[in-house]
Amino acid sequence: MLKFIVRRLLGMIPILFVVSVLIFSFVRMIPGDPARLAAGPDASYQDIQAVRAKLGLDKPMVTQYLIYVKGLLHGNLGTSLKSGRPVTKVIGSRFMATFWLTVASMAWAFVIGLFIGVLSAVKRNKWQDYAGMFSAVSGISLPAFWLGLMLIQVFSVQLGWLPTGGFASWQSLILPSLTLGSGVAAVIARFTRSSLMEVLKEDYTRTARAKGLPPNVIVWKHALRNALVPVVTMTGLQFGFLLGGSVVVETVFSWPGLGRLLIDSVAFRDYPTIQGEMLLFALEFILINLVVDVLYALLNPQIRLE
Amino acid sequence: MKKPVLEITGLQTHFFSDDEVVRAVDGVDIRIEEGQTLGLVGESGCGKSVTSLSVMGLLGDTGGKVVAGSVFFKGKDLLRLSDKEMRRLRGHEMSMIFQEPMTSLNPTLRIGEQIAEGIRLHLALDKKKARSRVLETLKAVGIPRAEGIMREYPYQLSGGMRQRVMIAMAMSCEPDLLIADEPTTALDVTIQAQILDLMRKLKEKKETAIMFITHDLGVVADMCDRVVVMYAGQVMEEADARELFANPGHPYTRGLLGSLPKLLSGQKRLGVIPGNVPVFKQVPSGCRFAGRCSYQTEKCLREVPPLLKAGDRHLARCWQTFGLAGVEAGTADKAGLQ
Amino acid sequence: MPQSFEKPAHGSGPPTLAGAGGQAVEPSAAELPVARDGFQTELTVSSPFTEFWKKFRKQKLAMAAAAFIILLLVIALIGPSIAPYRMDQPDYNNMLAGPSLQHLCGTDEFGRDIFSRILAGTRISLWVGLSSVAVGAVIGTILGLISGYYGKWVDAMIMRISDVLLAFPGILLAIGIIAILGPGLNNVIIAVAIFGIPIFARIVRSSTLALKSTVYVEAARSLGARNRRLIWKHIFPGTASTVIVYFTMRIGTAILTAASLSFLGLGAQPPTPEWGAMLSSGRDYLTQAPHVAFFPGMAIFLTVLAFNLFGDGLRDALDPKIKG
Amino acid sequence: MAKKGMMLVLAALFSLSLVLSGCGSSGNTAASVQAVQKHGKNITVAVQDNFVSMDPGDTNDTLSFSAEKTMMEGLIGFDREMKMVPVLATSWQVSPDAKEYTFHLRHGVIFSDGTPFNAEAVKVNIDRLSDPKSTLKRHSLFAMVDKTVVVDNYTVKVILKQPFGAMLNNFAHPAALMVSPKALQKYGKDIARHPVGTGEYMLKEWVQGDHLTVVKNPHYWRQGYPKLDSITFRSVPENGSRIAMLKTGEADFIYPVPPEDVQAMSGANGITVQHKPSIIVDYISMNTMKKPFNDSRVRQALNYAIDKNAFIKVVYSGLAEPMTSEIAQNVQFFSPQQPYKYDLAKAKELLKAAGYPNGFDTTIWSNNNSTYIKATQFIQQQLAQVGIKVKIENMESGTMDTKIWSVQNPQDAKIQLYFGGWSPSTGDADWGIRPLLGKDMLPPKGYNTAYYQNSVVNNEIQQAIQTADPAQRKAAYDQIQKAIWQDAPWVFLDTRDNIYGFRNYLKDAYLLPDGSLDIQNAQIVR
């Protein structure tokens, strides 16, 4: 297992390298002049040229890339073109906000998604199934900003129970995580339902019933564990997506997370920050896939990590 | 006559799908006495497995429903019990072994836990006592290094070992009735012999009544005291094992016996029963086997034959039983047999 | 042909040994198409469509969704001609009017009839949804087939690329693509299609892997079938049902993605009545005239919901692992 | 637990449909939140964007200036009408050739880190901005400074390389806020995170992307100020969320308020919404080098064809004024012109005279925010009335920048119509006209997207910056404005209002016409 993890971690390095080249060239393919954007809306031509020189954008692309890679090797992601701060610090300050929002969203989405999924699978084609699937599918069909603004309207403005936004207390986590989690809960519910429905037809479920076990033990202990394998993959993927930050939810709830940082950085053509964020996303993705694989092995002893 | 452990009377289990009704079990009577091993024989789709699932109350969401009849188990009508009461019996006083040892064990739970949970549930033993009981049962089914196996997962075991585990699981609470649904079909021949051997030993030791479901008459000859032959949802013939093999009273039984290879018999080709087991959506007018029967007459197509006496403790559902067995046309009804 | 016993195959004639077609059938459980619990619904091979329809019909939610989708398609075809107003007809004296008999869904910030715009927008949203998923599905399926069938470095390469695509934040990709290609509906379709490629590639690859080792493909291969023929004649049909299911479910996602692009100002160019663009402009009037956002939002919600429920129903009906 | 969460979602969905099914009615159910009584003297200001920098010389966004102004002061400041008022300089003289500027400084002022404010400190600041090697974003405002001379401890003289009549405005610009020399030395490049000035407040903490808090400066020189203990600026990008915060009392002051929401908000309990004319103008520039816009009759026709009042009603919910010159009323040397009235007949006539009786096809470029999308749609609808078919291309600003400013040769320019806005941050006519319509300001050098070149205008622009004499400058700008208005390189649309909202107990917090916030003198009244 340990060997497996180490090998996977080492395998990350070339992938990250390729990602860095891809991102580096992709962001520069997008039209837009960071020097002009950094210099401001009414900057003079001289100002813009000065900014360009200051940011090192007047150098040839290859040179810029070499400088960037050299920095990377020293753990330096460069300096934000917009704020002039080190990218590691810029991203670092935003990461925790996104992280907690992701954890809170995933936590309740997983619990509720699982609950709806199990209920729907057990009560297949009964009203509970229809209600569960209808609400779950509604969760993915609702435009997030709409849901978010409505939650603010109801719980903050009308009822005054919860703050409208910001990253201040646990209360301020509730509304954004509800908004962000509703889609994930829906995905988890659907996966759980179909996966559990298959498992409930398996022979070993019949064995468990033949043992005289009560239905809830059969579902939660025997069936669910097996049904969880695909659900865990999906949850892992979703976790990865959410860790990238959600532009819409972060905007609606003034959440100082990575999604807003990305959109701001793109608008400003803040190359080093975009590159830094993208590397972080790639890293997160690889790590999460690794965690998912390890979880597989824990859930299903038959899968051995090679 | 010994006390019956299980007495099935007029059992009808139908499957409902869309607008169709399939009569998978259509009026079956079966009686198993204490310590007796009853073979339930027939081709795939004849209703033998459905009968067993109906007894165990495991039809679940297969779409099947018991619509008539009674199933008395130790004096209680199982069909009238609540789910909760049924659960108390299942795996405790009556248990079941399935055909597929490869898929019948939960791949994510350790062997020890899978056996122990039933013991803890039914016998209310604490963890430690349950554990020693598990160990005991595993040893009883001939599993070497039982301690180690308890901590292993199903994928680490061979098919034969898994079936032993299944048997251990079924026997762990010392049931009065064990239903074994083709327990050896999926296994290699050599392993089959071992498992049958094991079951025979257990049967002798614990005096458990067994309903042994199989399509293999060879196994029946080996294991069973009495045999019920089923076809298309009905009992076609019922007799003690010896009697059945000596004097098969029904053309279908004959067919089955004909398809059995006999050593040293000099037989060139195995016999074949043409056609498949039919599925009934409506009550047919005549004998259900008529379409595949080489002795078919007009009466066979017109009237359903009742179970007719075909010998000592021997019934067969055929108008021409006498013609086959050389026994006088059975006028005796079923009641006379018992 | 159903083989039923009410009408014996050989009537009342003399008994013969031959069964149906004179073929001998072994009384064995092994190879018969019979469920393990000894229960057999049909001995017959009915057409796959009938089989599918029987299963699908039972799902009430999916049936309702299918009906709604048909309605949408009809509106997409005839929408503009039944609309009470021209979708781009402004009326500065009647801006942001609430729903009334004249304007069923009220008017927007230019006094345009929202109901007419939603009708006209149906065609656009459906077109964006269908065509972008189609493009993504075709490319993704081909890549998935190649990846799963040939394996080795081809597989590794395609899968790594799709990993990178998946890890790429959609927003950045969309901004990039639209910035490079320019704004407009067609480029939105391309951007949304690209999101779908890695997903289809993954799904098709995994079913290809499963099918590659099945008996019938092995058999065809041993008979010397060419690779391309094997892929198209034997493997692709096996993956088709999964592709159809995801295709349906992705349509909803694609419509939502296109709407979010409009929300970010990267979508259809005005005055195109794309629902996402309408929703986005309605955002400015949430307190003052909520109907401006409500009706397009509802249109998106119901359409996406319908496609998702329909997709769920398809999956339940097509997936052989889920039995009725 | 799981169930409860689900119930919350369902409840929310349910109430959502209730809220929305009430559309048609005013839709705004009066906020049930009671008028919050303010305890303590700490206020929260909700703003739209993130702060970028706290180094005035390296700042180019009005928002960052707003926060800087609570902590730092300049020699000169602007009052509510953008008139210059003394702050750290008590008085000043300008030489007639507009090359020498002498400032007399206020005595007894210290920076919040204890450094005394004096002529030396001013010199350090001006030298930093005017250093030719400087890469500060606001270097160009002081690029023409030759040298800064310390006359005595409280007198400083700035000498320019060439005359520049608008220089005082540059000193009043927030870029010239005075930073503690000690802090500059101590923090170097990091001064952007550690602002130290003479202002009413001092930086307490700045969490990037979330909030910035300033607290009372105990050493502040003006008696009785500041009146508050702290001000927290919170960045809340979503309009609806910002309004919600004001309603719930989570924010005491918010800006901007979208014009669409003003009506609905004004009635709400304990809230005041204010709107005042800004110095931001909205215009459509027409490429005067290319057909059909090389004909002034066509350009005038477009001016006649668009109903500015309807434009304001549709795009700004009525909260703007039609333009009466190419600069806004609050910009220095503004002189009103005769408006182009909405007159379709006249527009058609002009088009016919120019040889376009049936109109023509053209394309308009603009940014892709929702206001601009709305504005371009309106323009499209209006011009359709005279047969001009407009194709709208709303682009993300970076993309549009490239399309406009990567063009080296004016002949290659693809730009036809361009809808945009301009805010001259110095508040002077020079920066309101020269970068947009001056001859040296064609892309990529400047912002002359109309590719407009008029020798009369260019001469007068030069005249106006050669002198610091207000009368001479006024005369020049009168001529310039008249000529441009006649020539119509733009469709002159409107001057926007600045709109902000606050809770009633807050006094003396307002927006300046340039869109920057003046909150350092704010107080709470009970």
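Annotations for the structure displayed:
The first chain written gets the first letter, and so on, giving A, B, C and D; residue counts start at 1 in each chain.
Note that contacts are C-beta pairs under 8 Å (C-beta built on N, C-alpha and C of every residue); 3 or more make two chains touch, one makes a residue touch a chain.
Note that the structure is predicted; figures quoted are calculated from it, not measured.
Taking the mean of all protein C-alpha atoms as the reference point, the chain centroid lying nearest to it belongs to A. Distance between Cα centroids is largest for the pairing of chain D with B. Across A-D and C-D, it is A-D that has more C-beta pairs touching.
Between chain A and chain D, the centres computed from C-alpha atoms are 36 Å apart.
The mean-CA centres of chain B and chain D are about 88 angstrom from one another, to the nearest whole unit. Here the spacing of chain C and chain D, counted between their Cα centres, is 48 Å.
Under the contact definition stated at the top, the residues of chain B that touch 2 or more other chains are 100. In chain A, 30-32, 138, 149, 203, 266 are the positions where the chain touches two or more neighbouring chains simultaneously.
In chain C, the residues that touch at least two other chains are 36, 58, 175, 179, 264, 283, 286.
Taken together, the chain A residues at the contact with chain D in this complex read 30-33, 36-47, 50-51, 53-54, 82-85, 90, 93-94, 97, 108, 111-112, 115-116, 135, 138-139, 147, 149-160, 163-167, 178, 182, 251-254, 256-257, 260-261, 264, 266-269.
Across the complex, chain C meets chain D through its residues 88, 90, 92, 95, 98-100, 106, 109-110, 175, 178-179, 182-183, 264-266, 269-271, 280-281, 283-291, 294.
In the complex of the two chains, the chain A residues touching chain B come out as 124, 200, 202-204, 206-214, 217, 221-222, 225-226, 299-302.
Taken in their complex, chain B has these residues touching chain A: 56, 58, 60-61, 86-92, 95-96, 98, 100, 103-109, 117-118, 121-122, 153, 155, 166, 169. In the complex of the two chains, the chain A residues touching chain C come out as 15, 18-19, 22, 26-27, 29-32, 125, 130, 133-134, 137-138, 140-143, 145-146, 149, 190, 194, 197-198, 201, 203, 237, 240, 244, 247-248, 259, 262-263, 266, 274, 278, 281-282, 285.
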